[in-house]
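Beneath this line is the structure, given in structure tokens, with notes to follow.
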Amino acid sequence: MIAVEDFRARIHAGLSGSLPGRLTWAQRFSAAMILLSVGFAIAITEPDIAARVGRWISPIELAFATWFAAEYLLRLWSVGEDPRYAGLQGRVRYAVTPMALLDLLSIAPFFAGWGSQSFVIRLLRLFRLLALSRLVRYSMAMRLVLDSIYSRRHELLFSISLAGSVILISAAALYSVEAELQPDAFGSIPRALWWSVCTLTTVGYGDVVPHTAWGKVFAGLTAMSGIGLIAMPTGILAGAFSEAFAAKRRNTE
Amino acid sequence: MIAVEDFRARIHAGLSGSLPGRLTWAQRFSAAMILLSVGFAIAITEPDIAARVGRWISPIELAFATWFAAEYLLRLWSVGEDPRYAGLQGRVRYAVTPMALLDLLSIAPFFAGWGSQSFVIRLLRLFRLLALSRLVRYSMAMRLVLDSIYSRRHELLFSISLAGSVILISAAALYSVEAELQPDAFGSIPRALWWSVCTLTTVGYGDVVPHTAWGKVFAGLTAMSGIGLIAMPTGILAGAFSEAFAAKRRNTE
Amino acid sequence: MIAVEDFRARIHAGLSGSLPGRLTWAQRFSAAMILLSVGFAIAITEPDIAARVGRWISPIELAFATWFAAEYLLRLWSVGEDPRYAGLQGRVRYAVTPMALLDLLSIAPFFAGWGSQSFVIRLLRLFRLLALSRLVRYSMAMRLVLDSIYSRRHELLFSISLAGSVILISAAALYSVEAELQPDAFGSIPRALWWSVCTLTTVGYGDVVPHTAWGKVFAGLTAMSGIGLIAMPTGILAGAFSEAFAAKRRNTE
Amino acid sequence: MIAVEDFRARIHAGLSGSLPGRLTWAQRFSAAMILLSVGFAIAITEPDIAARVGRWISPIELAFATWFAAEYLLRLWSVGEDPRYAGLQGRVRYAVTPMALLDLLSIAPFFAGWGSQSFVIRLLRLFRLLALSRLVRYSMAMRLVLDSIYSRRHELLFSISLAGSVILISAAALYSVEAELQPDAFGSIPRALWWSVCTLTTVGYGDVVPHTAWGKVFAGLTAMSGIGLIAMPTGILAGAFSEAFAAKRRNTE
């Protein structure tokens, strides 16, 4: 009995980690499995690769699914070590935490789609990518970054709404100037929005480009505003990180 | 009499907000209406959507216009609560504030264009987008961001004028090198400016690209200066925000 | 005699400014003339515009040249107010300062090219754009920005040399992978450098794009390094500006 | 005997530098030789240039190789001045330091490929580019920059993994939406990754562009996330550099 409890404690320590920011070997293995399974899921969408590995796809998928299901059950069993999740009620409480639901969602599609290969099932399998978000749970720095962003959410929202306004205004300007010459690309504001977003983010595919002189003037102004609208959130985040790093240093001193 | 004044005070509190940075329910509803009306105005410029919703366009537009007119009149009436705008004279003073004029300008085009659907009217309707700027009035962080930008206006102006010089110089360089090979794209400095702005902002549509070796050398130098000219305002804003955040923290401590 | 000296002092105060960072009316007029003359020089390179304004070009150019020559001579005369440039020797010392030479260089081409309209003369006229750099002399913030950049020149040089190395390495990689498939675009490292610079600066014209799988892998890595190589100088400048703004605040307190 | 030791000390001082951050004339010459040899190696990959300089290529290559071999041997001999690398054993210890191995690797290919001109040898010669990394050894600021980046490696890793997740998710989204319409560009997630990386880094070649309405919506969201994912590492680095510059100032005060 003591042996089982000791084993459960070891499993819990392995899966949930004892020291913050430090991965156990079990966690490292788990992370590697997630990355491998995501890489495999991505690779087999390519027909050339799928045709070559052919008959190995099903066994490999089964192996991954079995591992993730086993890890999920082990985690559910061993989480009882944590006083918050002790007992059957505690397990239910754990099972409805967002992270546990995400774990379940990344496993379920495989067993649900077992045997069938419809497009919807393949799409559901893409949810497996969400399992990647489990990796960040391992990271400490994440908290500092996310807290800094959260502390400046109002400033960031302002810069986002400003960017949104510029996107709308430049789309409207190009629509009014280029609509007659290029109805497919600028025939309506929703159509012009595609160009507007591509320009303001400085992506600039070049599939849609203004042809009139005024269109080019507005496009140039939009592109230059783009620099400002990239600079603003970057500057806000830089200020937030500066403060967060300084605060952390003061605390550790 | 007391009931009416109490009602006016409530309306004023609802429309103008009592606590800074905190939206009242009336303000949230107003913001939602603005976003909806802008979204609707954008959507119906798309012929496919306009054809589908057809006969609903007029009633929906009337509903939006009525709401905004009612809000404007309510605001004008209730603003008397504010000692600065009390009495008829105060109302006139309020009506000529930039924000009130903007409100009026976002309502008037509808009633002016009632019945007609000419292109000019549709263009005027785009001014409704300006109503979006009312949203930012709700935001507190806006002040911190705008003050930071304003406090560094000279540094930003310097980096903008430096960018402007580089744009002109690279346009002149490409004009002198590529004009003969590509007269349409580089046949004059105003024409070359289009390429120059697209390159320096790193948008890079690719509709106009240098073909000569020297043209490519100048283009490469322009693109690399572009990085510096993005980095400069971003760095200035980052410094300004760092200081503003630190000053705010010191004040609240 | 006193009247002339008083007049000279006024001219000197007007042209050279008495308070730092504050433009006199004479300086504002001068700046406007420079901007107008540059705008005019740019506009008349466009054949459509040149044909339309036709016979007005020569008189306008003469007017601008006369103004700049008059300003230059007035400055040379009135600079004697400054003890450093008093007397004939002082004037010569002033005339060989970089800014005075630049002024002269922006005036001379017109009188040199008087009557002829060859392409070389038109190219020389582009030097008039350099007159724009006089505008920045008016600015105070310029010093803070340039000092900040100078104080971090070693860090910036390191990030530039790192960027240069990545440009060379990615050009070499694409050359070795794509040379056979696209000899025009990747047939040598100098040719591949064009693609490399366009990608690393995130301009991305799209006139030259890798076609092989390995080429795309290297291109993706290059594009992602591009983000880092933009982030590095931006971060360095942000840090430098933060420090400069803080130092300035401490000094003024 | 004393003369030889004195000579060795001078060579050592010349090659390894006595003061940090200050290049000796020998080091400056060495850096110039590296840049020249790299420039030469790049230039002769261009067939036009190779054909023109023709018979000078071999002698020039031999001269560069001889110089670098001589420098390597001199360094190996004079490094004995450093107590850590004194004696034969010390020399071996020095020879296996990463920098010395890199030096050797940048010399060996030439002597190995002497006479033959196969493609593999030409590829090996590209390793000479790695010799450029020796330049950064001369720099002091490099340490500050690299230390700042290292001190924030966890935050940077978090932002990189976030960027990686967004790249995967947007590739999956475009694959599910555009695969049928554009099988070549979006027929599998690995194929869609090319588009995804080009968009998120805001390079935007435009060789692959979404055509469906949903594809454009996802692409717009990806492009806008791109701004955030550029802003995050930039902000983190800005914060790190701010702190590093402030710490350095405190230390020197």
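By written order: A, B, C and D. Residues from 1 in each chain.
As a convention for this text, contacts are C-beta pairs under 8 Å (C-beta built on N, C-alpha and C of every residue); 3 or more make two chains touch, one makes a residue touch a chain.
In this text, all values refer to a predicted model and were calculated from it rather than measured experimentally.
Asker: Shared numbers divided by all numbers used: is that above or below half for chain B and chain C, i.e. same or different?
Answerer: different
Asker: For the interfaces A-D and B-D, which has the higher count of C-beta pairs in contact?
Answerer: When the contacts at A-D and B-D are counted, A-D has more.
Asker: What's the distance between the Cα centroids of chain B and chain D, rounded to whole Å?
Answerer: 42
Asker: How far is the middle of chain A from the middle of chain D, if each middle is the mean of its Cα atoms, in Å?
Answerer: Taking the average C-alpha coordinate of chain A and of chain D, the gap between them is 30 Å.
Asker: For chain C, jot down the residues that touch at least 2 other chains.
Answerer: 193, 202-206, 230, 234-236, 238-240, 242-243
Asker: Across the complex, what residues on chain C touch chain A?
Answerer: Touching chain A from chain C are residues 202, 204-206, 234-235, 238, 242.
Asker: Can you check the complex and tell me which residues of chain D touch chain C?
Answerer: Those in contact with chain C are residues 21, 38, 41-43, 45-47, 49, 123, 126, 129, 132-133, 135-136, 139-142, 144-145, 163, 193-194, 197-198, 201-207, 229-230, 233-246, 249.
Asker: In the complex, go through chain B and note every residue touching chain C.
Answerer: On the chain B side, the touching residues are 152, 154-155, 157-159, 161-162, 164-165, 168-169, 171-172, 175-176, 187-191, 193, 199, 202-206, 209, 216, 220, 223-224, 226-228, 230-232, 234-236, 238-240, 242-243.
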